[in-house]
């Protein structure tokens, strides 16, 4: 495969940059971190703290903003407004994307009632069930199970070995990473007349909007009497568990290893730090920011930054103060002892 | 596919209900939550707090108990003893279950020494190894690996892309959800003569009883010198990790994202809340209820409700008191300061 | 399959042991725990606390050290220096390993540009992409996706249904357990000009050294501008999440359900207890031991044993003291009340 190459003129055009100590005809082969960049690659200085690293970098040239350009001396560099933003733009250009041929691979087993757009790609060893719909330009990689009555929009990319259980609905421009599992029956039991536990039948579905990303090995259970709903623009990292009947509002971001228990509703534009644990049947309003590894057992009615609710939920500021006190609990104990001594004298 | 339909007479018979303001010939198409139910569906009022939702629900009719029936006025309803229980019974009736044809799919690779019951179903792209036994009515969906010497009982359902490592034994009436992994070698190392870490050979197996459910992306490691044992009726949610040599007693329920480290023995009829973390080599007696996200480093010898053992295990009541004190640690600090001032004066 | 058999003479030779009350011609069929061992199996006594179990064990003979041999009486036993070490050696001998035929299974889809060593084994329903390299003696089991430009060394074993994303590099003598996912795009977003979140392109790869083990359902994301690097000898348990640009130093051991957020660098010879949560952009020096379920938000610059950093990181000793104080916070409150009373009198 090999990475693409760009001339420095192309680079300058892409990022509206000014070439310094550089010939515009030189070709560069990529863009990397200061540590990793090779002699034919670019790198970028986005934080003054890395100035030393920058001077040691083997990169052919560095993207810098004006404030850092003065320190560059003879070093080849490209002056841009926002070095990190420019790096992202160039990364996009250098990125070699996998190509997928439209059509159904000979080994994919697609039910005759499925409607797969002619521009969609169904990879080897996929199973596509009855009445499934796959929209224009969508890619289903290899080993994916798409059960009966699933609907997938256009330009959605389902990575290898994912499993989409029956009746799930996935929007357009979504990414479902490898081995994600969507639409399994939720964890709900009642007791039958003999006291044996009996699985609650799940009539609800998983409904996923547009521009949603789901991480690898994440699991999203279907609803019981309600649906499980992931609205437009939601981004979910790896190894996240979403219980039955959960609703996640638009553009909310959920970092890795978080878990949201059944029937909890999270608002829009929330950010859940990694490893967050949210109990069942709660409601979060819009705009809630939750620090990593928070354990939350209460609804959150006001937008804001919330911190580790291990002992019940608190604002980040209140929590931080208590943590300092807790960390000094031994001092508190000593002060108390001193007082006791004094009072007893 | 489309959902089944039931006449209200059939509904009344199924739930032993009394139809009020309703003709017994009307057909209903499903049962949903108060919010979601459409005009041809039933819903149910199981909690007085949802009375307002009930009056706004579009449902054709509501299942209610006697105490709520009086408030129904002209609203069509069905009086039953236990509305939620009745809803479960109806959900079971409306549920359209996937059907699996008995037999081995043409693309499944089944070793000639495997004994697959003629009423069992082996789906596409499954691999079934040597000496595997699959009992009557069991279903192995697509892309499942069943390694050599595995035994699966009757009426067990293994969902897509699960992996059952060699020698695992799975009972009857079990459900193994998509991408679960059972029987991998456990995480144990010794050092060889050169100080390099060397994996402990695992001669033990995973033994799973009857009526056991295992969630998606859950992982259950095989034993080293012992077996890993999951007894009858155990229910395990998604993304649960069970270490080598662990034993889980009958009918214990383990919620999502819990982890039980090696050689720990959990009793029967225990309930572990989601995200629980149990250290290795512990023993829990029967009937232990553990609150969500508990971190437990000690054995539990008395049945009861235990709470977040982050600082060591405690009864739920003791823990709750300390949490209140902790949440007021800043007040305690202030009181201490006041006293210090007083004493110094 | 059935386990192998060894004569007691062979056993004695393997573990340099002395047979007592035993004929060297007797054959044994395996080695198990004291509880589980059958009448034709060996067991071992590695801890005096299990002496009662030992006397009740059905095992044909026990491995014991000299100190415990005296209490054996008429019981058949084998005297060895280190009973557990001897048991490991014998387990290795009794272990029946799966055999894999060299060559590519007829149903594997291997790109013509891939270089698969003739002694390697590619199992059924695998997909092997362009320019992939698989070294001598490596085994790729069934249903594995190996994307374009992946390199796998020699004697590496990739278990069923794992997914190796494009450009990942895996060394020799590695084990990748079932359903592990390596090389997916990391969880990083920027905002485009319209305020919509946009995935950061990931030019970095996952680079895995030799003798590395990766657990089932573990997920390791590729780097963005850097690579994600797992150095030689690292052992990673099930359900571990490794974020983009993370580096793990040689021989570090990471227990189950741990998560390491993006760009964090862990040193060599570290041990992370199960369920550890490490924030992003941190650095751990070599030789850091972290207790289970630690939540760490700060770099660690000194080797040593660290404990639950829930309130910020501390040495194990300091932490343990504070936990005792915390557990007595109600007593502290009472003492404070007593003092207040006294002072007010």
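Just so it is clear, A, B and C label the chains in written order, and each chain counts residues from 1 on its own.
The rule is simple: contacts are C-beta pairs under 8 Å (C-beta built on N, C-alpha and C of every residue); 3 or more make two chains touch, one makes a residue touch a chain.
If you're wondering where the values come from, they're calculated on a predicted model, not measured in any experiment.
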Chain contact graph, described as a line, ring, star, complete graph or other shape: complete
Rotational angle, Cα trace of chain A fitted to chain C, multiple of 5°: 120
Classification of the chain A:chain B interface as same or different, half of numbers criterion: different
Chain centre separation (chain A, chain B; CA means) in Å: 26
For chain C, residues contacting two or more additional chains: 107, 125, 143, 161, 179, 217, 239, 257, 310, 326, 329, 332, 336, 339, 343
Residue numbers on chain C that touch chain A, as the complex places them: 107, 109, 125, 127, 130-131, 143, 145, 147-149, 161, 163, 165-166, 179, 181, 184-185, 187, 189-190, 196-197, 199-204, 217, 219, 221, 224-227, 239, 241, 243, 245, 257, 259, 261, 277, 279, 295, 297, 310-312, 314, 321-322, 325-326, 329, 332, 335-336, 339, 342-343
Partner chain A, residues of chain B touching it in the complex: 1, 3, 30-33, 35-36, 43, 84-85, 87-88, 91-92, 94-95, 98, 107, 123-125, 141-143, 159-161, 175, 177-179, 211, 213, 215-217, 233, 235, 237-239, 251, 253, 255-257, 274-275, 292-293, 308, 310, 323, 326-327, 329-330, 332-333, 336, 339-340, 343
